[in-house]
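I am attaching a structure below and will ask some questions about it afterwards.
Chains here go by letter, A, B, C and D, matching the order in which they are written, and residues are numbered from 1 within each.
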Amino acid sequence: MSGNTLGLLFTVTTFGESHGPAIGAVADGCPPGMLLTEADIQLDLDRRKPGTSRHVTQRKEEDKVEILSGVFEGKTTGTPIALLIRNTDQRSQDYGDILQTFRPGHADYAYQYKYGIRDPRGGGRSSARLTAPVVAAAVIAKKWLHEKYGTEFYGYMSQLGELEIPFKDASEIEKNPFFAANAELIPQLETYMDELRRAGDSCGARIEVRARNVPAGLGEPLFDKLDADIAHAMMGINAVKGVEIGAGFRSVVQRGSEHGDELHSDGFASNNSGGTLGGISSGQDLRVSIAIKPTSSIMSPKQSVDLSGKPIIVQTKGRHDPCVGIRATPIAEAMLALVLMDHVLRHRAQCADVSTSISPIPASQPGSFHD
Amino acid sequence: MSGNTLGLLFTVTTFGESHGPAIGAVADGCPPGMLLTEADIQLDLDRRKPGTSRHVTQRKEEDKVEILSGVFEGKTTGTPIALLIRNTDQRSQDYGDILQTFRPGHADYAYQYKYGIRDPRGGGRSSARLTAPVVAAAVIAKKWLHEKYGTEFYGYMSQLGELEIPFKDASEIEKNPFFAANAELIPQLETYMDELRRAGDSCGARIEVRARNVPAGLGEPLFDKLDADIAHAMMGINAVKGVEIGAGFRSVVQRGSEHGDELHSDGFASNNSGGTLGGISSGQDLRVSIAIKPTSSIMSPKQSVDLSGKPIIVQTKGRHDPCVGIRATPIAEAMLALVLMDHVLRHRAQCADVSTSISPIPASQPGSFHD
Amino acid sequence: MSGNTLGLLFTVTTFGESHGPAIGAVADGCPPGMLLTEADIQLDLDRRKPGTSRHVTQRKEEDKVEILSGVFEGKTTGTPIALLIRNTDQRSQDYGDILQTFRPGHADYAYQYKYGIRDPRGGGRSSARLTAPVVAAAVIAKKWLHEKYGTEFYGYMSQLGELEIPFKDASEIEKNPFFAANAELIPQLETYMDELRRAGDSCGARIEVRARNVPAGLGEPLFDKLDADIAHAMMGINAVKGVEIGAGFRSVVQRGSEHGDELHSDGFASNNSGGTLGGISSGQDLRVSIAIKPTSSIMSPKQSVDLSGKPIIVQTKGRHDPCVGIRATPIAEAMLALVLMDHVLRHRAQCADVSTSISPIPASQPGSFHD
Amino acid sequence: MSGNTLGLLFTVTTFGESHGPAIGAVADGCPPGMLLTEADIQLDLDRRKPGTSRHVTQRKEEDKVEILSGVFEGKTTGTPIALLIRNTDQRSQDYGDILQTFRPGHADYAYQYKYGIRDPRGGGRSSARLTAPVVAAAVIAKKWLHEKYGTEFYGYMSQLGELEIPFKDASEIEKNPFFAANAELIPQLETYMDELRRAGDSCGARIEVRARNVPAGLGEPLFDKLDADIAHAMMGINAVKGVEIGAGFRSVVQRGSEHGDELHSDGFASNNSGGTLGGISSGQDLRVSIAIKPTSSIMSPKQSVDLSGKPIIVQTKGRHDPCVGIRATPIAEAMLALVLMDHVLRHRAQCADVSTSISPIPASQPGSFHD
């Protein structure tokens, strides 16, 4: 199984470099008969697109997706769905001398050491641009899960640097460039970002991702538990340094009497588990939180070395993100959708005949944990 | 690829239920020619064994491992290595009526829903007992990595409930039942645990895992990055609710000027990355931290429902762990070793011929981050 | 995915060497809730057992299987099913000096070159003994497929050396050591074998395998077509040199007007396809034929070389099979069952919701092709 | 692992339908640093192209390949290499009414049953056109294997219908549309084909594939033996009904004294094994033979049924191949190269450190078996 393929049954294989001819994905294993159009996919891509606010990378990529296969007369055929996005705005000159240097915190050194060669332009394959094909492929998963189970995904930024952003209203999420669910704090976030940009520095972020109407029973213990595969997908997103499910690291200081979500006949009383028990979905909302590190490309100079080990100073010019976390929300949602899709197929492969004698226990009410 | 198999090239497939005849693992893909004996494996199993202190489950399992295959005249042959551990102390009567009930926070409900059937004795397949075969198989990985690269693994408890346990001295780790690297605090930890036990409650824990002398270049972007696979393995450990690499969630509040580990000609100046860049090992120490939730089996009563959805009270009798985190350290080390082993094989499959023109940059000095 | 694991969703991982402590298998992915006992498995193992007639290896192995996991109160739980068979009759002295030599036609040279080490006793891991765990695991598949679809498997020897054995009566298959479906020819086959044994030589065989009541729609084009996976499993059986589906190599000389199986409203008119179209099962009987080469262990001397390349003569003493094909029938059936089982799970993972608007076309009448 | 991906470490994922916008492949796992251009790939594609003689489908596809990723400044980077081929000549009107009918011997019925939907134009995904991306991706494997080991691949037609075509001269293979290694017989083959075309019928073919300078030690027993994986890849080629390695089905009638290839200090005396022993390459030439069935699209009418089960007559109009085997040679070579490439990576993953104490035994002289 290649490192560029995610999933076992609903697989997504991506390809492309930031400044190569094109980027894309091949999604295989999609059940046949689902309506799918380029417009469906374009919608999510546009959420993700660079250049949509002054706070993100000013690269004008059209990100226009083309479906090359796997769809006939508007419906999926069950054959691989190839998605293609041509690169159009690749201002290579911004990255002129980085082939010789290793930017601190970037993948440069590691890629060069591993492969002995790398495409340095725009970060090559390690660029955040490569999340576009993932978001595109995830549209297939989101659509199918929604049509089959009513599953919904949403994510939002819960912290920008040291500024906490409490959840107020989900409808605010799409209205600001931060994907924050809190209209009130936007001016403060904007100011914060502008200051960072002027200082030539960057900050981290915390992103929450939720899925509701998740069928119970998903997860393949002992090693491919649902939470384990979620952690795998999330930690694999560029710049992620931590993943939590449910109470996450707060579990450390909780008591068992407090952490264990009690079961009542009308549902769970809390959701510290975050939606999985023993690594299998319980039907409760999936609650994931991820930590995004501050951007490594900063305007202020950093010490580094060049290919021969000689000390140099590295300073990014041109485009840079004061906070890559600003754009992470759609990607985190995408990853969650892809993992769930794969697990629905895995689960029904083995357990399609299970006639569950226990009644599904309704999930917690929304708002019970963070939001 | 089955959910009970970890890895792609060095694979570990485990089997067994807590109260079945036996538990075990089949490790495949081990390079041939390495010396391996049952004694090698028994050593690590004994670290993990229940009944070694009053703070852990009082089940007296001998945990004696038998090598059934894959070794000839004391050396690995490259064929699958099957490890068998017979279950001997399965006091079934302690779990008499749990078949009908779902213990809050346990896998019971989810397993019953998914499979329509479960072996409830001792938690069946979801029991922490099933970490034994993983620890056993990981001995192979630890040994091989150590012989080839001098790789060393160690882990310790850095927090018990709300008590922080600063790292003082690695040599203390094996001398107390907490795997704490701090002799001074042991009495306080013991007292804390005794109180919890009397209260019939439980607490969480934070475990750190480290690997040093890790070859650079490991990791298969974009989806099987080293940190992603580590997160996958760690989150899959029973009771884990969060995983961090390097600065983890502290990255959220760091500035880029602070987080990015500068490169000097004599090494990295810090290790916020935790050992990976762009998901590929940099040669720096791998630094992982995990959150273990408080035990769900507690003596105090909890509300739950039975198979028909009727409200009941659940109360654990018999054996229980006030903190499962106490035994997690060897398992977390095992997981890290298994992931690294698999990645060494994956890396050399593709990149065996890469003659790296850059000189490997020496890792940070020990003590640079937490310890 | 390890080379010692067959399948993607219903996986079978085997372990063990001919003269090691034990051999066995771990079968993962079995749907839960199916009745399974050791007696079920023992039945098929006994068909396969050495020492059941004077024509096969006179090694008295009890081949007693033990179920170590995955079954609770007589039903599969959906967790891995580990099967263990202890080796008891390992007359090592028969193979004393083969460590230093490479027996022509055997795996010795190749294993030594690949691994730099091998367990030579009884052929080590390359011994036909290692088909026992496969046959054992396949019982699970056969049982499940039969209970769900009424699928039946049977195989028989259709040629011994140059003696063709036309199919007469399926009920004869279990009554003779050749698995021949022709009572009349048994004396001739016995005589043939006795002569071979006296001559110290060996012959090949052709084995047919059939499956009926095979659900249509199985197969994952383009690379994991059902016939491709069948070929993979069959060619992997020791001593197999050729695999045919349906008309096989006779297709070469057929005309399209003759080969194409016409569809009538009451079924297919012929079965040259052998049960797959475009690599997907059509519902027709699966018809597979394999070629088994003559045994390499023969009593007459053969030229070979030793570890240092020096010419020597190799001559087998002790136990040998004049025709390993005699025992191949149960193994070929087992492989077919395992592949079908895996594909049923794969198919329903993706296509569980497909409501086929076309009526399933009944399979051909039995007897239409060979039998 | 998706059914549209071949291989474990060097993986090839294909996409596309015969009449969709494009077809292509993503090859992942290629070692970095190898020179690769579109011209390299175009060369092999042109061998395969339809319309190159009057004996093959008269569809004028340009088959122009574009490399979208994975190559930087002319060298492979170790990242996925995406290859794109736009479809340009899709004369849909030739297939107007086949959506409603099932052509005997074609995948139509099976695809419709499995997926409930299919793209029928030009055979959709089951079209032989989908071998183009495979051939393209295999160029990468052929090139790498040749540069590293001097491995060479060649294939040829050894039988057309009932006409045997003895191997005379390898240099003839590229000079005729049959890929026959026998100049003398070409007129006879041409006449034969013309007669078939006039009769509106078709015939089968037998194709031989060879690889020489194959490193010894390749293959992952017990289930991913080299011959097993070769059989898997070959049987997966459209229209293949049988696969042989070495002596193949002739082994059935051979004696062990005759079949076993004796080892002399200067090499093997024969090559009945076909290049593998115990499923591992011995260093001898790999010898594979495949049976291609006669085309199902024939001009003469065949009985069939339509979607509702009603009897109809099916008769192909427009383009058709009297023998699809004519074009099979490049595809069979491609498959062999892909399997070998994957196995080289798998082998060195596990056995890179094996210092083989036995001297590699030179392969047989060319010409020893068939040719």
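The rule is simple: contacts are C-beta pairs under 8 Å (C-beta built on N, C-alpha and C of every residue); 3 or more make two chains touch, one makes a residue touch a chain.
None of the values given here were measured: they were computed from a predicted structure.
**Student:** Name the chain pair with more contacting C-beta pairs, choosing from A-D and B-D.
**Tutor:** Of the two interfaces, A-D and B-D, more C-beta pairs touch across A-D.
**Student:** Centroid from C-alpha atoms only, then distance chain C to chain D, rounded to Å. What do you get?
**Tutor:** Centre separation, chain C to chain D: 26 Å.
**Student:** Could you give the separation in Å between the centres of chain A and chain D, each centre being the mean of its C-alpha atoms?
**Tutor:** About 39 Å, centre to centre.
**Student:** Counting in whole Å, what is the centre-to-centre distance of chain B and chain D, each centre being its mean C-alpha position?
**Tutor:** Averaging C-alpha atoms per chain gives centres 45 Å apart.
**Student:** Scan chain C for residues touching two or more other chains and write them down.
**Tutor:** 1-5, 8-9, 14, 29, 32-33, 78-79, 114-116, 125, 221, 346, 351, 354
**Student:** If each protein chain is taken as a node and each touching pair as an edge, is the resulting graph a line, ring, star, complete or other?
**Tutor:** Topology of the interface graph: complete, with all chain pairs in contact.
**Student:** Spell out the part of chain C that touches chain B in their complex, as residue ranges.
**Tutor:** Interface residues on the chain C side: 1-5, 8-9, 11, 13-17, 20-24, 26, 28-29, 32-33, 66-70, 72, 75, 77-82, 84, 114-119, 124-125.
**Student:** Considering only the defined contacts, which chain B positions touch chain A in the complex?
**Tutor:** 1-6, 8, 14, 102, 104-116, 125-126, 130, 159, 161-162, 201-206, 216-225, 227-236, 238, 241-249, 251-265, 269, 272-274, 276-283, 291-298, 300, 302-305, 307-311, 346-347, 351, 354-361
**Student:** If you look only at chain A, which of its residues touch chain C in the complex?
**Tutor:** 1, 8-9, 29-33, 78-79, 148, 221, 345-346, 348-354
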